[in-house]
């Protein structure tokens, strides 16, 4: 697979399977001389790690990172950062069923078709654990963006049909589903707990806002800023859709409504979501992604085994009944990588 | 701009501005020995060209292509195809307003911020005319896919709030909006004509189906098939969102509903839209994109000029009041490029 | 073929065959706002064009370029430059022999093996005419380098065993072989004319000096400045070797001789050729390339036809008996592309 | 630094510094289902490791590799291989001098100029230790090439002016300098031991032969097989030149001599070194590289410190007085990567 590398001037390459010795990431193109330590990255890792609350899986992977290269005396050297995470909670015996059966909603069937061979322990490279490396790399990008005054925040706006009615940014990290509405969050948590007890799961919507981005970032024609954010988001296993600004609502709008008019103080609206013609306008970049329900459920489902025989499967295991809260830091990480990379590309273009 | 190239093993590089001498595309990595001629490509060009009906712009660019290299005695040679289209209907005087004012919804402001200089005649590289090269390249990819038994069809499912109720594939190319429901198409056309008379425009939704794709295509982790399709689609200027299979509906679904279970005859549903874990399942690949209302409207709008003074602007010109019908072949072209490229990557991986 | 694109942040894509309608190049990533016109590029084209003297081919291709996109009101816009050259001196009938026989030293055999099909008119993409696009792109890069105070000069130091004894830079463009020693140049020209009369050809050595490059350019580990210059040079069909600084002489040297020691005024020697550890030292970058004898000779040679039958071939045609003088501007062009690209990558890395 | 990745369809990314916790490599694009274990790779690692004889450094890095991902039940899975090597012989105190002074011939000065910061312990990324990852990746490529019947062998042909007179392939791995002439090898070893005692070092020439490559590999125009081999070789720190086939000798040859004529049994000579027009001919691919004398010598040398003051430096340490024997497996590894990658690209092109 030559698909493990992402980015042009700021690049990451993730590696490792969920049940091998370790997972990790290489980050190339990091600006040299920037203060960075493991603790800064660990903050983001802890937001992604399992077992944070009643609504996330109790698997106790110890998401403690180690920076193996690229830092010297507390500063980046400009050479590749290698960040490693050991896998410590391996229970391959729990995966005996997967060995012979295709779990509905999982990549078991497609990996077998692609490679003709599959490391069935914990989904291999399709495991959510692969995203740990992304979060580590994203933390490096976030550090670089901080120096530019750019911030990235994502949060749940809908879970299982329950929608947030208010946007209270301070609430996000204080509730277990990372929702922007504390009242809705309570109802979401109740729903998740109930579905979890029923052996079921649910999906949701996560919104992301990127603030402080200078106007002029993004590369027409194909490498538009929104195009690359879309690729970044859809590269996260659970995400099935993305929309920018007014998004799918635009389909029912008139041009006279949708166009963001300007006056001397700037744009009067932000239906474009901060990107026009693939290039940042200087307004907040806003997008929403659709998160599918967790595929691993303990309710019985119909499937086939590797020989094509019909079977019933129940995924007994340790899984998040809703992925939204833990996908939030992954979304932020990918957004950080894309935006910082585009700053670097713009520097190469202008180069003065 | 290093964003004019798309693809890995099948690559295209588009070039040219809407009001320069010519636009065109280079296609690299084309399988040698394949029968191909200008007429085959011209069929697709004619679907994209302006002036096809009352609902498209009357601009009379002559979208006649010339293959300048890469074909010998009616077959591809494996060397780069260069396809050229002259620009014949240049009326730069029509763009005097744009010279000094930023048109709402257009990339005028963002290009100025990015480059500090702008070819204001007809939007430069942000012009819809750039997509002519994509359609030409896509026709080449389509030819290669035909040999594999893969077909790609896109069509309008919604315009300005009017939705298709039935899916009648035979209707698509028979109505001016390329809708899959002939009755809805009539109402859509009425709406567009009314908005056009009012100097306004509207958006819509286009759906795309890719059939006959073998299971196993797509490169985890970052270069997932859906991730690259998403990038391809969002690289089209008017598109503001994409969803695969159940898409945003998945947010309100349970895992037990959304998971595509299997029996001996295959998948029982296709909520995934034909892609799981970034890899094709062998089912139809289905996605929908949100098309924004045409930015160019003749109704007066508020804007600023390049010096920041508040101004009123009316875009007098020749523009499509709804982009859906002409974006359909562009969507198909991009889809063809992505899928054929992934076939080639898979061949490189397995290489037996 | 996905090998027609070169560069990362400053990229070129060449296209066209020697006997098709046109050849050309797309240049992406050009700094916007830089003054540039066709005349500036034409100067370099004229140095590469055939028919400059008695020692070059009398083919009268008219190497007049047209900039089709990417320039507006005399300045680069930052969008892709497309530069076209029509092919006007096509005589396909002259290539009847090639149709069925493999010319020794030419890529006829290898192209057939690679593609299973070949445009036999004038070598197709393997033709020296492909380098016209490189020279045009290189002129754009040269323009960007001028602003940085970087200059690139290449010249012949040896032809057919005759070596230059002095380095007289002012002589280079005044003799037909572009040698740095006017006395040696006379002997070289005599040799070439004699070989030409005999239906034979000869090789030579060209040296290149890049001046004014700031220290710190080049990307360890794989994308070292010398590694990328080596790739650039070996991508020119006639070049079979490259060495930097002391080069192959280093094999017989001691570390105490070869190491470039320093004092307060800088490096005391330049055995490294201006690049250490893949990164520029700030000294002159110096390399030499081996140019093979022209493959097209009229003396009879043994070969086989496409069916494997033994044949005798005489390449009657219009060919340079020594490639050195015309390869000089191609070498300079490639060097310009590599160095400017690395400046842009360094800007992306540091980005301050 | 975005220069740590090499290859297109078979890719490697190396990481780590010589004196950090570990070094390693990620290999992407590996054909799935191929038998591979650590022992197979270790064989190549042991050929590169220090301390093999009196002529190599006594540093006792334990070059024991661990495959962290990408292998399942003894076979490749097609997902990225991560291969790690711990650094166990770290003596940073030995590098106090380097901290403030630029060692002649080393990348100390250039790294400081590039990054403005430098991990001075053991040369950081410019250390020869970085090549351990390349050798591990190359072993994976070698495994894939074995299935195609391709073999790669490199060997010393000259050291410090002493040349091999015979080519005895069986002798190569039996003498400490990996020379192809056992008698010359003895004289080479004597020379190295004498120079070592004098605190000096010497350079040499290494030749590489690639056998069994099918005709038709290589991508014109820029990604020629020889161009990419040249980049691969020049990316090795100690290498200052490369030539293919007749190489620099071609400069003094006539076309009638240099052209490889053919009869029904194939090519009559191989002056091209197995590559014409950038594409393999099916003959043995032959190239030679110039290896500079080891920069680290204990004889006193003139240099400056980081503040520009003139200083005298003596590199007391553990260094190879001649790099040739240990660079042989690195050259082979890079050649394996390039050739296997081109097989995969060819598969993508033809794709049948």
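General observations
As written, the chains take the letters A, B, C and D, and residue 1 is the first residue of each chain.
Here is the rule we use: contacts are C-beta pairs under 8 Å (C-beta built on N, C-alpha and C of every residue); 3 or more make two chains touch, one makes a residue touch a chain.
This one's a predicted model, so the numbers in the text were calculated from it and none came from an experiment.
A repeat of the B-D interface exists among A-D, A-B or A-C. It is A-C, with more than half of its contact pairs matching by residue number. Comparing chain pairs B-C and A-C, the larger number of C-beta contacts belongs to B-C.
Compared with chain A, the chain whose C-alpha mean position is the greatest distance off is C.
For the pair chain C and chain D, the distance between C-alpha centroids works out to 27 Å. If you average the CA atoms of chain B and of chain C, the two centres end up 38 Å from each other. Mean C-alpha position of chain A lies 46 Å from that of chain C.
In chain D, the residues touching two or more other chains are 1-5, 8-9, 14, 29, 32, 78-79, 114-115, 125, 220, 345, 348-349. Those residues of chain A that touch chain C in the shared complex are 8-9, 29, 31-32, 78-79, 220, 343-345, 347-352. By the touch rule above, chain A contacts chain B in their complex via residues 1-6, 14, 102, 104-107, 109-111, 113-115, 125-126, 130, 158-161, 195, 200-205, 214-224, 226-235, 237, 240-264, 268, 272-273, 275-282, 290-297, 299, 301-304, 308-310, 345-346, 348-349. Against chain A, the residues of chain D that register as touching in their complex are 1-5, 8-11, 13-17, 20-24, 26, 28-29, 32-33, 66, 68-70, 72, 75-82, 114-119, 124-125.
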